[in-house]
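Chain nomenclature is as follows: A, B, C and D, assigned in order of appearance, with residue numbering initiated at 1 for each chain independently.
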Amino acid sequence: MTDHHEGHGLDDLVEPTSPDPDLVEVLTDLFADYRATRATPTAVVDLDRDLWQRLEDLGMTRLTGTESAGGSGGGWVDAAALLGLAAAAAAPVPLAEHDVLGGWLLEAAGLPNDGGLRTVCRPDPSGVALNVTWARDASSIVALWEDRDQWRVADVPVDRVAVDERRNLAGEPSDTVEFDLDDLESGIVVAHEIGEQFHLRGALARSAQVVGAMERVVDVVLTHVREREQFGRPIGRFQAVQHLVSDIASETALARAATDAAVARAAASDWRDPGMLFAVGVAKSCVGHAASVVVRGSHQVLGAIGTTLEHELHTLTRPILARRSEYGSLQDWDETLTALASSAGHDRLWTLVTTGRAKPSTGSFPPHDNT
Amino acid sequence: MSTRLVPPGARELPVLTELRLEVRAFLAEQVAAGAFVPHVDTWLTRWDRDFTRELGRRGWLGMVIPTEYGGQGRTYLERFVVTEELLVVGAPVAAHWIAERQIGPSLLRYGTEEQKQAFLPGISRGEVVFGIGMSEPDSGSDLASVRTRADRVDGGWRLTGTKVWTSGAHEADAFFALARSAPLDPAHRHDGLSQFIVDLRAPGVTIRPIISMGGDHHFNEVHLDGVLIPDDRVLGEIGQGWAQVTSELAYERSGPERVLSTFQLLAAAAQAMDDGRLPTDPGLGRHVARLAALHHMSFAVANALEHHEDADTAAAVVKVLGTTGEGDITDYVDTLTASGWALDEELDTLLHAAILQRPGFTLRGGTNEILRGVIARGLGMR
Amino acid sequence: MTDHHEGHGLDDLVEPTSPDPDLVEVLTDLFADYRATRATPTAVVDLDRDLWQRLEDLGMTRLTGTESAGGSGGGWVDAAALLGLAAAAAAPVPLAEHDVLGGWLLEAAGLPNDGGLRTVCRPDPSGVALNVTWARDASSIVALWEDRDQWRVADVPVDRVAVDERRNLAGEPSDTVEFDLDDLESGIVVAHEIGEQFHLRGALARSAQVVGAMERVVDVVLTHVREREQFGRPIGRFQAVQHLVSDIASETALARAATDAAVARAAASDWRDPGMLFAVGVAKSCVGHAASVVVRGSHQVLGAIGTTLEHELHTLTRPILARRSEYGSLQDWDETLTALASSAGHDRLWTLVTTGRAKPSTGSFPPHDNT
Amino acid sequence: MSTRLVPPGARELPVLTELRLEVRAFLAEQVAAGAFVPHVDTWLTRWDRDFTRELGRRGWLGMVIPTEYGGQGRTYLERFVVTEELLVVGAPVAAHWIAERQIGPSLLRYGTEEQKQAFLPGISRGEVVFGIGMSEPDSGSDLASVRTRADRVDGGWRLTGTKVWTSGAHEADAFFALARSAPLDPAHRHDGLSQFIVDLRAPGVTIRPIISMGGDHHFNEVHLDGVLIPDDRVLGEIGQGWAQVTSELAYERSGPERVLSTFQLLAAAAQAMDDGRLPTDPGLGRHVARLAALHHMSFAVANALEHHEDADTAAAVVKVLGTTGEGDITDYVDTLTASGWALDEELDTLLHAAILQRPGFTLRGGTNEILRGVIARGLGMR
């Protein structure tokens, strides 16, 4: 519209935050192929080692690792894209656990990474960790635990832990793991912010996965409403269906905006921005509430056919609900945001919204960055 | 890749943030000096020509109007952050809102050189106040059904009909009127419409107040009784009115005024929760999160528009979610609050004003029912 | 369906709970006439003394008073019908304050009732009462206050109090009243349950008013969607509008069911049923949440025309919202119900739902009554 | 008076309450004895023929069936309270649900004397298990589009086609099938439909499981390959199938199974809140209040049906609000709960089962979109 920028050029004002298009293309092809060749959906979901191998061959299983540590040196923007595309394909692979969380913890602790499949958890003081996704499939488990005001990281071979096999709502392995306390106590002490960031990184990784799956749900719904006929016309022609689908797509778009903003902030500051707690909370809250609308609405539109085992829909909706409640329930995150907002109060609520913090930064982080 | 309803986001860089903080500091001074009392929905309800002129003096009006027409020649993104700051603080911005949002861009796109010279400098100084005349008593959401007639006469057109819901017409200098310059063809209902620039002081114009349910006067009926519009006050092309009015919808629908109309109420509620005057409740966090996400989404749309990308569907998404959220905030605070002004007089004032304004949030600028249809169309469903 | 009741007859099983049909007919006519002859709506609403006189002539302003005290001896079922019909007509008369609450308090305290217009309030320890509807119009104000574990009732002439005139969201008088503490301290001591019941009676009276107003909103909406045309047909033909209206009407019906159940329980037990707190809470919660749907949905359907001063709609929606937040906010009542439900716990939640109490009754109240 | 969607309520008197407490005491014993584990949505998912027969022995089946047909000859109100008590405790009632709710009343109304004698005693003893065959692969909400064909043959009809979503067909003895006994007339789509009583062990019947998203087998495809239906197994009149199936909708739609399917989850959440395993939150009270109000509303509809009053619209209201509420309870508890089974294994089991069953709540027995249309029709809008 305005062809006369007499002040600043656009590049001074904003920075795009999109993932590497080549990466997206490679992954889109890979997962399209995966989707086209995979087996019929099942209620119980197991690790797909063939797919894992293909991802490993492309460097995707170590995407965020530094190159010196054998990783591909990707940032959070690319990692979030990978997580989202994999989730959209309902790909049963532990990308978040192995690379984004596990690999990061190993690097933070200066521990070697042999590339063997990892998962992560935070055992309680008795050495027990619940709901450890893919534990049974891992070669070793990266544990983060708090020990007298210090955070420690240990990389414990799976044959040194007791794994009680369980499954989550998505039918995925989500095991109870019991560590030997000696293995934890001999863990490497890491910086305090590692312990604090773990929960945020986990929450944002889950948000990226849920958004990716929701975007695929939108596509599944759109295909259905174009093809399915009732009362002599495609159901997408009914106003009630249009409004349901519009709501599903809009909530997904809002969740995407919130997640992308948090990812961009994380990428720009390498997670050092003090506004990350708010930014991740916004993503987790919007994603979580969107999940309610998207899961209910999509099943409503798809009707009975969408509740059958053989249909793709539940391979998306079940993980959506399982993951939106990981790394904090929706209620937990809304309470966190409530605490941030009420302590910001009337005069600094907007500052909180735009910067993620209610007070001007006092740290070394540039005060105007990431607003 | 999947259907992308909303353009990718972008990170605001320090230059924009500095502008934001500059505006914010000015507004804080104004509030401290008592120049205005923060309020809800001020882009419709709070007129202050002095304040508007002061914004003009500071270069915060006509921001996307080129300097040769008296504007600032800046970007939609810069205007976006200025707009956000004005809205969140609840500043009295109604006097320039329509001109700044719709009239300026329309004149730039469709106006003659003479029209641009005639109006844009005044708009940029905050001295020329515009309204918009689209709705009619029976038109509702069906804008193509407008019946105001434009009859060809020597040297111009005579407009006859009635426009309603014209906000601020009693304060404004002129408005854009959509009228039928050719008889309705039921098979092509969008043909034969044209836009005219109408001087609201011209002979034949009668303005009558429409009083709102709270007793306030924001809206008007504007009767046009054979008002003469000279040829040089036709906007754009005769017969192209429909295309012209719809082309600006992304600007009208995705702005921060579709998200932030009740921000002052949300902020007062946050304070009341902190002070223990309202119960601590996770709903506050939820509403703050949605508002923050909408801030990002609305910014993404502004960025797309700046890059000349199509964003009609995205704008509809922002408006549906944003205006619903404005109302949700209102209802949320209402459900937390026991009746009685003295719990917190400021909160109660904001709450009551928000309740009385709320019905309009999801109606004005296209009802949310219409917009969900627009979104469905964007998704390829119709 | 079943024409062979070999067990109990229907009369043994259920008792209808409808108001006196003659009363309903008289009131329906009266308010229809009022509606047909009243002035155009205004933003500010004042007491209609003519209407009050007509109601007084019919004995309606003392409907619930015992006949010995000069009342008409009506019960809560009839009183709720009166409140609802008056609210549906947006009649600016203090029926709840004057009769249902004020008259009851006077009788409970054994104080004389001269029939002069009353309102009620609960002043705080400093003698101040906020949000006293119709105070400026009353001849005297019935105050209930707690004084060292005792509840007292005083009937204080309005010329002995300071009235700071204010208005509520509905534009009605809703004044701040400051009492002389001496007037309160010389009040009559009443039984403890009077103090406890006051809040419940107030809440249920408000619920009955809000439901009555919402039922009228449904009618206003239905008339509009039949008459208003868009895109060449009545807007009621659009599926989106049908669904909005369906939701409005359904929520109103649910609020009605909850309110009627509480009123029936109050009437059957003369408010002595220990389940009244739950029953009133259910009514207040359902009414309050319905109000959100009904007010928003009705304004959405009516469009801009419904926001104008001259339209009937706001004469209903403004009082609906004002009253749903009186005698406790919606959140307050939901919290009360949460406390009742969580203390009932898993095994007695259903007993709570059906009887209003989580434990079997220990008092004199018949244990099987009012289930 | 205003539009009354739902009939007036009625107060339950002690005689009914005593029945309620009698059933409740029996069920508490059964739970204590481990006869069943309380669960959600048990009227679809929990089959136990022994339990069903035990109910029959106690006189809690066939309650509205006259004694001359082996029933109890009691009222819909008495059946209502028994049903509520069975559902809230999450008892395994699927084996008799369809027969008790739909088949018995339909046979009473449309069946021949021989049919009544043949089926009603077994239904009342809980020994004859019925299913229902209405939906077809392409029918969805458009039931008039069924394509299963009934061809006239000597002494009866041959049915050919496929029914889907037949819950429990693999366990049931027979089902009612809706079929087209005359070719489709597009102008009168509801004509030419008839109901047949189909022995599910008859030659030509093939039952294939439809596995649900959680891996469970509740639903089936029933293929009918020229299944011979003797004339004495036609239900009601040939050509009147549409009127027959729609006449029972008020019974099907307003029952407590449209409100209470997730009661066990709500109760577990209340307990968890009391124990501090879930955060105390006003949402619990809100959901309990709605459920209590729906209990009153559903009872009011039962009372109206007992009095032979029309309650189709009211039944649709109960079903829309009730099934939405069942899902709301599920989503509510889910949002309060962090993933991980060990927070509370019972709660997690109930929650996961409720999540997996939830899509069906607002689909089965008429989708909520269809039902909101029914309500709109009841309001005179269409």
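Simple rule for what comes next: contacts are C-beta pairs under 8 Å (C-beta built on N, C-alpha and C of every residue); 3 or more make two chains touch, one makes a residue touch a chain.
Since the structure is predicted, the reported quantities are computational estimates derived from the model, not experimental observations.
The interface in B-C, A-B or C-D that matches A-D, meaning over half of the contact pairs are the same by residue number, belongs to B-C. Counting C-beta pairs in contact, the pair that comes out ahead of the other among C-D and B-C is C-D. Spacing of subunit A relative to subunit B, judged by their CA centroids, is 37 angstrom. Centre-to-centre separation of subunit A and subunit C, using mean CA positions: 49 Å. With each centre defined as the average position of its C-alpha atoms, the distance from subunit B to subunit C rounds to 40 Å.
Counting only residues that touch two or more partner chains, subunit B has 281-282, 369, 372. Within subunit C, the positions touching two or more other chains are listed as 238-241, 243, 331, 335.
Listing the residues of subunit D that touch subunit A in their complex gives 135, 138, 140-142, 145, 164-165, 210-215, 219, 279, 281, 327, 331, 334-342, 352, 355-356, 358-360, 362-364, 367-369, 372. Subunit A makes touch with subunit D in their complex at residues 42-44, 130-131, 166, 168-169, 171, 174, 176, 228-231, 238, 240-241, 288, 292, 296, 299-300, 303-304, 306-311, 313-314, 318, 321-323, 325-326, 328-332, 335.
Within the complex formed with subunit C, the residues of subunit D that make contact are 1-3, 5-6, 8-18, 20-21, 64, 66-67, 72-78, 88-89, 105, 108-109, 263, 266-268, 270-271, 273-274, 280-286, 288-297, 300, 303, 305-308, 314, 317, 320-321, 369, 372-373, 375-376, 379-382. Of all residues in subunit C, those touching subunit A in their complex are 238-240, 243. Of all residues in subunit A, only 1-8, 10, 12-18, 24, 28, 88, 215-216, 218-219, 222, 225-226, 236-237, 239, 241-243, 245-247, 249-258, 260-261, 264-265, 268, 278, 281-283, 285-286, 289, 331, 333-347, 349-350, 352-354, 366, 368-371 touch subunit B in the complex they form.
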